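Only one structure is covered here, and it is reproduced in the block below.
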Amino acid sequence: MASRVIMPKLTDSMEEGVVVKWRKAEGERVESGDVLAEIETDKAVMDLEAFASGTLRKILVPEGTTVPSGTLIGVIGESDEDIRGILAGAQPSAARPSAPRPSPAAVASPEEDKRASPRVRTLAREHGIDLKAVKGSGPGGRIIERDLEPFLTKKEQPTVREVPLSQMRKAIVRMTTQSKAPVPHFYVTIEVEMAEGLRVIEESKKAAPSSPISINHLLIAAAARALRQHQGLNASFAGETIRLFSSIDIGIAVALEDGLIVPVLRDCGSKTLAQIAEAERALVARARGRDLSPEEYTGATFLISNLGKFDVESFIAVILPPAAAALAVGSVREVPVVRDGRVEVGHRMMLTLSCDHRVIDGAVAAQFLQTFKQALERARDL
Amino acid sequence: MLLIRRFEERTAEMYALGKIGGFCHLCIGEEAVAVGAVDALRPEDYVFSAYRDHGHCLARGSDPKRVMAELFGRVTGLCKGKGGSMHLVDAERRFMGGYAIVGGHLPLAAGVAFTVKYRGGDQVVLCFFGEGAVPSGACHETLNLAALWGLPVLFLCENNRYGMGTPVERAVALYSDVAQNAAAYGIEAGRVDGMDVLAVRDAVGKAVEQVRTRQRPYFLEAVTYRFLGHSMADPAHGHYRTKAEVDEAKKRDPVLLLRTRMLSERLATEADIKRIEQEVAQIVREAVEFADASPVPPVTALEDDVYV
Amino acid sequence: MAESGWAGEMKATYREALNQALREEMRRDDRVFLIGEDVAYYQGAFKISKGFLEEFGSRRVVDTPITELGFTGLAIGAAMAGLRPVVEVMTFNFAILAMDQIVNNAAKIRYMSGGQLSVPIVIRGPGSAAHQLAAQHSQSLEAWFCHVPGLKVVAPATPHDAKGLIKSAIRDENPVIFIEAQLLYPMQGEIGDGDYTIPLGVAEVKRPGTDVTLIAYSKMLLVALEAAEKLAQEGIQAEVVDPRTLRPLDLTTLAASAKKTGKVVVVEEGWPFAGLGAQIAESLYRQVFDYLDGPIVRVTGRDAPMPYARDLEDAAIPDADQVVAAAHQVLYRT
């Protein structure tokens, strides 16, 4: 028995529908319940299921055509059945190709005939993306944020993550602040063997006499390496939270005639030793020339102060907010050291790390210094 | 009393001229209750009233200029124009308001009394309300609490016989002796002629002392009459009261009664009374002038005092 | 009672946290007193005031008859005269009887008096549903109170927040509606040691995330956190924001989260039409419309009086799966 496929009335407000896509082809076998086509109603795109089994003998309405509900759009029957009678009763008169349907927002301007979420519009504006080139995967073809992903350059903005204080942390804050307001300092000292570092410096002097690597460059690079591994030190105490910075911004103390300035090298974690050296040279030159802008001498997340050239053995630095730690570096001294039971000449440098106890605990500081020491002592790998 | 009378008369005039808006409930005829009762209080006692509060507020000693300014909705009013006729407050004089929900302020009065007791003080809270408030849940819950906890409240029921357009006998089951409503809670009760200011002062004086010393509430019914309608929007007679009834009541006008008595007992001369009339006229005139000349509150202050 | 962990770290139930806080406030300030049904001899219907009668006596722990209008109004009068009452409503369903006193008196007296009088009162008790308490005992009415200028409304979800916020509420000069929850009373959590306050009007990010913002308060905060755990298993990092104070609302914190993720779900237990979530959504639309990737989705209780039957009641109250589904919807992952 042949069966008629009708454009359905799927909602009570539906007057007509569009065959968006035929899912079965003429001559294909269909079973009752199979999806024959996708129909667009006034509300959504819905599946049209077969009510009978057989062969889809005829498709009467091509894709993209709008027809009133009730119109015959196809015939299912046996492959050898005579369906002329059914076909004769079809009323295709109201069929017409689907014009682009006016969007519900009738005031769509020509540039904005695509639906897009407000966030998408803002991002498109900020990144100069032409939405006409973007395919929307949201309801009704809305362009949603996910659709912009291929168009957005993944630029990592430096982030700041706020971590709420745990009760233990709060207690540590309370106890350490009581003994040393406002920033409770503690200090850890370590001695570093600089033989390898000095060799690297010598080699760079030969390779580029006008712009050699300095001890400060090694210190900054080693600190950046160690801070990448021990992110808890690249942080700040912010009252109710600890602020963790994703960008490692190292301030290096520079002595001026009348005082001290701390120019900041930004994003040391992404720089090579060579890049650090170049940046440091430029910054220090400008610092000496009083040519720094405020952004260039504030906001260091970690501080290094090197009094080595004044022959200072060791000293203790003061932490400057927003940093939670400061490294004080002494001079490199030739001293007798014992290696494998023999006395040899060592080139030792004393480092003292001042830490904000609200943010950093002893063990963490010690681990940081271990990593730092290792990095310095293998200076070649920096 | 004369001050209140003339003030209320002028208020009616100002309302008709559009200087005062909204609901305006005048206490003409009931002055004796306000004056007699408040006169028996100490400065550290508290007073609560409902929406017919101009007389109570003036009796307590509030500056008529600032009361009129509040009625005019000016920023110099007692409440900076934020309260209006039904919500006069003068905290300095412990006049705690002015409330528009019938019966709604009775629990507040009990609460202030609770505080007095909590602090071991001996102040009394005088709470004015009309007989229309007596059947309310708020009234009964308050009477119960006051009796249960021995709160120093003097509940002063001004029975002017009408709750807006409904006479008391159609609203209060125990209407012939309204004080019985309180007696049901074991609260001591009394009744006084509300048109006789000296009788009121005497009765309230005794009741207040009882409340103060025994730390127990008291319910006093003052039988009185309002000569005008419920509010400016309500006629004095013709709707639910006859002119004859009103005229009969006016024969016992409290101001007239006192004046007659003062003259007959030689407590004052005609000249004295005339002088008082002139003083009062001056005070009221100055109050209107002050109010009329005062600025309106700035719209920028609209959200001030929503929160502390 | 509360157990002490490592120096400063204490665990307590929500109920214990309130008991502690109220006790500390009553010791600190003689003006503070507790009033309500069964707060004294019964030790509190939900044991919030356990031990209070013994410590403070009947002057400061006052049992009342079952007359909410009367004793709430009385407490408001006491506040006007200088005391700092804490009114316990056995549940906020019963506060409806006192609405005239709360709205027409407590909220408005300061304003109507032009600033002459103030009402430093706290009205506290459990709001929201428990288990099968049926239609008249299961309502979430915070939207009603939030509607009224002159009131502050607080709904803490954790013991830590409950303690810090009730102290702030008591010390606040304005009337504060403090909504707890019967089912939260036994929940354990870390609380701060000693006297600490949490300011009113400050929200808290209870769980940081990047992909979707879930805003929820009171019991629903726990539901949102549970949903966040489920979402995490799918690789979706939900940020859960707890407003803590409902009026005034900390729009800054809520908007910052909404701007960050662009996808917002608001969860509330109350009825949908004109519920508080509608206001939160409107406020966010005004603030961060250009950063939203789609409409804000609300998860609410069902639009019917609370049914008695267990299964119906469970269906009428939002659960974690509903919140997960809402998150999927707002993430276009249905």
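Chains: A, B and C, in written order; residue numbering restarts at 1 for each.
Simple rule for what comes next: a contact is a pair of C-beta atoms (placed from the backbone, for glycine too) under 8 Å apart; a residue touches a chain by one contact, two chains touch by 3 or more.
Keep in mind that this is a model prediction, so the values were computed, not measured.
Put simply, the chain farthest from chain C by mean CA position is B.
Of all chains shown, C has the CA centroid lying nearest to the centroid of every protein CA atom. In whole angstrom, the spacing between the mean C-alpha positions of chain B and chain C is 40. Centroids of chain A and chain B (each the mean of its C-alpha atoms) stand 71 Å apart.
Chain C has its Cα centroid 36 Å from the Cα centroid of chain A.
Contact residues of chain B toward chain C in the complex are 46, 77-83, 87, 89-92, 96-101, 104-116, 118, 137-138, 141-142, 144-145, 148, 303-308. Listing the residues of chain A that touch chain C in their complex gives 117-122, 137-139, 142, 144-146, 161-162, 164, 166-168, 170-171, 174-175. For chain C in complex with chain B, the touching residues are 33, 59, 64-65, 67, 69-83, 100-101, 104-105, 109-118, 120, 149-150, 152, 172-174. Of all residues in chain C, only 5-10, 190, 192-193, 205, 208, 262, 289-294, 332 touch chain A in the complex they form.
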